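Below is the structure I would like to discuss, written out as structure tokens.
Order of writing sets the labels: A, B, C and D. Residues in every chain begin at 1.
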Amino acid sequence: MGEQWDIEKRRQLYIWAFQAVALTALFAFVWFIAHEKKYKEVDVPQLVASMSTITQDEWHEEDILSLKRRFGLAANDFAAVGYFGPNSNMDAAELLLVRVNEKSQIDAVVEAMKNRVAYQCTCFDGYGEDQMALLKDARYLTRGYYVFLIISSDASSVEREFLKQIEP
Amino acid sequence: MNNHYKKLMRKAFHLILGAIGFFLFVTLLYVIAVSGKKPVKAGVDIVKGIEEQNVPALLQAIRQKDVTEIDVTVPTTEVPIYSVPEKTTEEATTLAPEPPVTEIDVTEPADEALTQEPVVQPTDPPTDPPTQAPTDPIETDPPLTVKQIKIQDFQAEWNEKLDQNDVRNLSNEEQQQIHAMFMNTIFFGDSMTQAIGDYGFIDMSQVIYKRSASVDALIEKIPEVAAVYPERVIIFVGLNNCNFYKTPEDFATAFTALVQKLREQIPGVTLCVSSLLPPSDVLGSTRADLVRAPMYDALLNHTANMLGVEYIDAKWIVRQQNYLKDGIHMNRTFYRVWFRYLQLLMGPNL
Amino acid sequence: MVFSSMTYLFVFLPMVLLAYFIAPPRARNMVLLAFSLIFYAWGEPVYIFLMLMSITVNYVFGRIISNNRANHSRYAKLNLGIAVGWNLLALGIFKYYPFVSSQLRGIGLKFIPGMKLILPIGISFYTFQAISYLVDVYRNKIRVQRGFLKFALYISMFPQLIAGPIVRYEDVEKQLSKRKVTLAMFGNGGEYFLRGLIKKVLLANQLGALYVQIESLGAAHASVLTAWLGAFAYTFQIYFDFSGYSDMAIGLGKMFGFRFPKNFDYPYTATSITSFWRRWHISLSSWFREYVYIPLGGKRVSPRKHVRNILIVWMLTGFWHGAGWNFMLWGLYYGILLLLEKYVVHDRIARHPWPGRILTFLLVTIGWMFFVHTDFSEMLTYVGHMFGIGCTFANATTGYFLRTGLLVLLLGMFFSTPIFHRLNEQFAVNYYTTSIALRVVMFMLCVAALVYQSYNPFLYFRF
Amino acid sequence: MTEREARERARKLRFFRLLGIVFLMMIFLLSFLRLIWPRKAYSAQERRTLAQLPEMTTENLRNGTFSNAMEDYLADQFPARNVWVYLDDLRGRIMGEKYSQGVYRSGSSYLIEEFKRTDDARAAKTTKAVLDYLREYPDIPAYFMLVPNASWILKDKLPSGAPIDSEEDWYTSWAQEVKNANLSNLKVVSLASAFTEETVQGKQIYYRTDHHWTTYGAYVGAKNLAAEMGLPFDTQEWKKVEVHNRFQGTLMSKSGFYSRTADTIELYLPDPDIECVTAYKEQQKTLPGLYSSEGLAGDDPYEVFFGGNYPWLNISTKAKTNRKLLIFKDSYANAMIGFLCPFFSEIHVVDPRYYTGDIRTLTASAGITDICFLYNIKTYYEDASLSLILEGGEADE
């Protein structure tokens, strides 16, 4: 009888083990879904201003009209916009941060940024090697509702700083 | 059994053909509903007739209309007409006399220019670029005219401000006057001209440029300039020409071709050219080809005067601290003074 | 992916039909499973993993329970409880936790973390399917499915995956291993699919557009009659949308040799609320009766307990339809009506069916107004308009909606009765060419409506 | 099985078998056609670019935008799409549908766009920006003309009882708001009464399948504006020229309501003619006259005026006056500017949706003597770009 009982006991142990694994798998999946990056809401113009102080690139705060002129983006289509443009036509460094209203807008913003960089490349082609280097190293970051274009002599540190500010 | 299926297949085929027939019927209805958009021939001809009018002739008529006699259509309420510095007719003639376009023998004057200029060997230590005294127009007038005096006072005032580096930016008032004065002007050149639009002094629609372009490259852009039919074109080119043209003479011939083509495509246009600025001392020391800039500029000056193109000597505005990092282009301070200088040269109060 | 979409009709369906009927019979289950997973992943690339986890876990639970029963293990009931608990927990977390946590945080229990989770499509359906499978295995009503692929196919078969019907394992057990599809059966499937598509695209969407227009009217334009018109429009929209979808599912099942149970039996012709719920979403109400009502003792308990059972079952039914107070209210509404019928009205209705039908239809229409308005203030204003609170009886706008919406409402009324079905029985078979030609034209109208794509809502995001 | 039942069953089998075959044929025929059908980038009939095959990235797969984009792509590139849309319109017509995409179909073949008061605050913001801007130029006379749309003037042509917000109510409150600001130099020009009167006399003020006004409508608008401006409008004669006789416009393509009606487009040329030249500033070209044959032949014949909308046009004319007009406008004004040319030496036409320059520099430097805001009520109410350029960012030097 006992021996029959042992098999029964061992079998039940396997069952408990499986049930435990099933429960943890479920909670693991929930954690994976729930903690999907929820990005902090940041004050866009102020964040871009702080970003612009990280490197010594020569840029300055630009108004929404030059944003519309150079990127074809209308500021009031988005929740918030922060744009630092080059000081002269010989500088290539730029920063543009856009907080979109819906995710469907992201593709259009990224495309506008890519068109701007492509246009700048044609301007500096065979002319300004270091400007071309910046343009080749342009970064397009999409985090949640934020799209950030970085054209800078030190793009990676700006990117690191931006991610630090926005990651939860 | 299979003839049963064969019958069904045939029946199915008829049904599908029927469906296609129905669809074609609907297509027919659709085509009728949106049948061709037909412009009316007579009307189109009239529109084409308007489009084929000769723009220069129209512009001539419009610009020359006698504005002085104010038409009765002005509303009764007294409206202060903003004093737009319209060029009175006689003023226009003196400034840009219609030069008889003759074939200019380029070779002869060029040599003479060469001999005068001290030949700078590329290996020489960088001598300070000969400070270019404001060359008087070739026809030397007897005593200094009122115009020269005003120019010299202006230069004195701004030279001092440039040295102290306190050139404030253009006030709204100045900005509006510049916009008014150059409403029908096109700025034409390479990246030196692009900066004018980029810095926001003038609307980008009045700037036609091609970066790192030599004068030859600009000749291809003339149709774009012609399309605007501007009243005046201000050419501002840079050091690309020094390394593009081996000798100043090639540069002069190219510039002459540019001027002739411009006048041919835009009848009655007033042409001005800004001086070719030297590179910064730092860059000049390393780039032998650029260090010859003053020679190119002198010849440019000479050719311009020969062709009746107004030569704007802006070299006095150059200061080392106003060069950009690349030693070729100028920052906003230079253009602030440059525009005020232009305003003086082309303004009515001369 | 949705059946009434271009992606499904002209990309997915031809590919699955081609692959299925080319594949050797042995591999057909595999093909159907693969396409079902693609079908689900198309709209839910992330939650596909949750479904796969649910399938694996329930497969193993099934084997465990059948094993327990074989060995008469003491823990059999406990393991069943844990297995069912796992499924309810999965459903609870993804469907109800956001709502529940927001309510609790609302009343001050701030420490509860408010997670913002998107509801996975079809989770309510495949979870209930798995639970019914586990309980049936426990009750030895069915033999446990040893083949993992067959079990996965049973749960995730694309025709019934997203919006049911909730297929019982016993209905399809034999077909999972052996099924045959004749051309006639395929044609029958086509008939059901076309009927479902026409109901959804040509009736439900147009009624929906009418309802949205009326619902968005400002107070200035609202009136009693217009409000009722809007209520009827939604009543028919949800019926044609849901029954259309079930017809398409049954039709597709037939095309692959499966026979799914009927989910709707002309519910709006019901003479009483009880019979309405025996005709509306039959697979769901039978599930609740089988796995909740009867275990609670069903009718064989004291009247007081019976009232409790009815209220619990109907609150749960309402809550199953969506995480919101209005759904619970909707469930409670029907619970109370059913109790009234049982204890107050008895069978007096049966004697004169027509007043019964009209009364039932009106009660159901009002019920839908609780169902559709998740926001209480909107619900109150709308229902208030229906009863003349805050607006005139009728105005010019009523005339406008009567003219533009009358035909589609009449068609709705006509097609929610079996009249057309009976006519179709004789007419279609005798004049088969013309009736099929009519179906082809109706199919083309559906394609035309889908191409123009102005209004094609997917109502099941809450289920 | 009795013989009758056997025959019944055979007929049933025949029906389902045939239906099975036809169903398969339909699905595979349309799927095959969709595969081989050439892709189109632009639909002239709907005047919009059609969706292209979306490119799959993990990001758009994850947030579901890929599957939606795929659905739009398949619907947009479906074989003979325009005919299917027309078929759907036929069905809608039979079912008595009168409303689609914000457009009402009226009995008398008029397509009329609805007016919905969705955001009064935004309209108020635009009006405030305009008033603030005009306060900066107290000595320049300004004129504010909001043209009523068909949903107001042709109210009786709408399906009776159509739930539309009234433009009249909004307009009266707006006019009151502007009057309260009591700017000495501002005059509001309202056209409602003039238009109603003209319609009563049977004149056609609006196109039947386009949201614009006819050139005659523009003529009436110009006459009223000229009266306020003190222009000798009556001394000018006009020669009417018909340039298009089958004009079907944007409301038809937007709503999918196809109707046989088509309108004519006329031009009113000043008689005696007045030489004028249009400088398309942003496009850096100067063309004679105000009209474009290319625009006339294109998809939208209304673009005969100037070839469409441009950020900044500078029209200079031989009119013997030194009055210069600055006009902020939407597409309605394109048809009316021709009527003002004989009375102004220069007209600066600014379309805020595309203009990116600095408006104050332009106003001051171009020697403007008159300012005019010309919008139709619906676009003005929904406009978001006018306030943008009037407030403008801080102008860089």
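For this structure, a couple of remarks:
Note that a contact is a pair of C-beta atoms (placed from the backbone, for glycine too) under 8 Å apart; a residue touches a chain by one contact, two chains touch by 3 or more.
What you see is a predicted model; the values in this text were computed from it and never measured.
Here the chain at the heart of the structure, going by C-alpha means, is D. Taking each chain's centre as the mean of its C-alpha atoms, chain A lies 41 Å from chain B.
Inter-chain spacing, taken between the CA centroids of chain B and chain D, is 36 Å.
Inter-chain spacing, taken between the CA centroids of chain B and chain C, is 71 Å.
The multi-chain contact residues of chain D, meaning those touching 2 or more other chains, are 14, 17-18, 21-22, 26, 87, 357-358, 395-396. Annotation for chain C: residues 46, 433, 436, 440, 444 touch two or more other chains. Touching two or more other chains at once are residues 69 of chain A. Contacts between chains leave no pair untouched here, as each chain touches all the others. By the touch criterion given at the top, residues 69, 88-90, 123-124, 126-128 of chain A touch chain B in their complex. Put simply, chain D touches chain C in their complex at residues 8, 11-24, 26-28, 30-31, 34, 61-62, 64, 67, 70-72, 74-75, 78, 81, 84-85, 87-88, 91, 95-101, 159-163, 165, 256. Within the complex, the chain C residues that touch chain D are 1, 5-7, 9-11, 13-14, 17, 42-43, 45-46, 183-191, 193-194, 202, 206, 213, 217-218, 221, 395-401, 403-408, 428-430, 432-433, 435-436, 439-440, 443-445, 447-454.
By the touch rule above, chain A contacts chain C in their complex via residues 8, 11-12, 15, 18-19, 22-23, 25-26, 29-30, 33-34, 38.
Across the complex, chain B meets chain D through its residues 4-5, 8-9, 11-12, 15-16, 19, 23, 26-27, 29-30, 32-40, 42-44, 46-48, 50-55, 58-59, 61-62, 65-67, 69-77, 79-82, 84, 169-170, 172, 175-180, 183, 199-201, 203, 205-206, 208, 224, 227-229, 332, 336.
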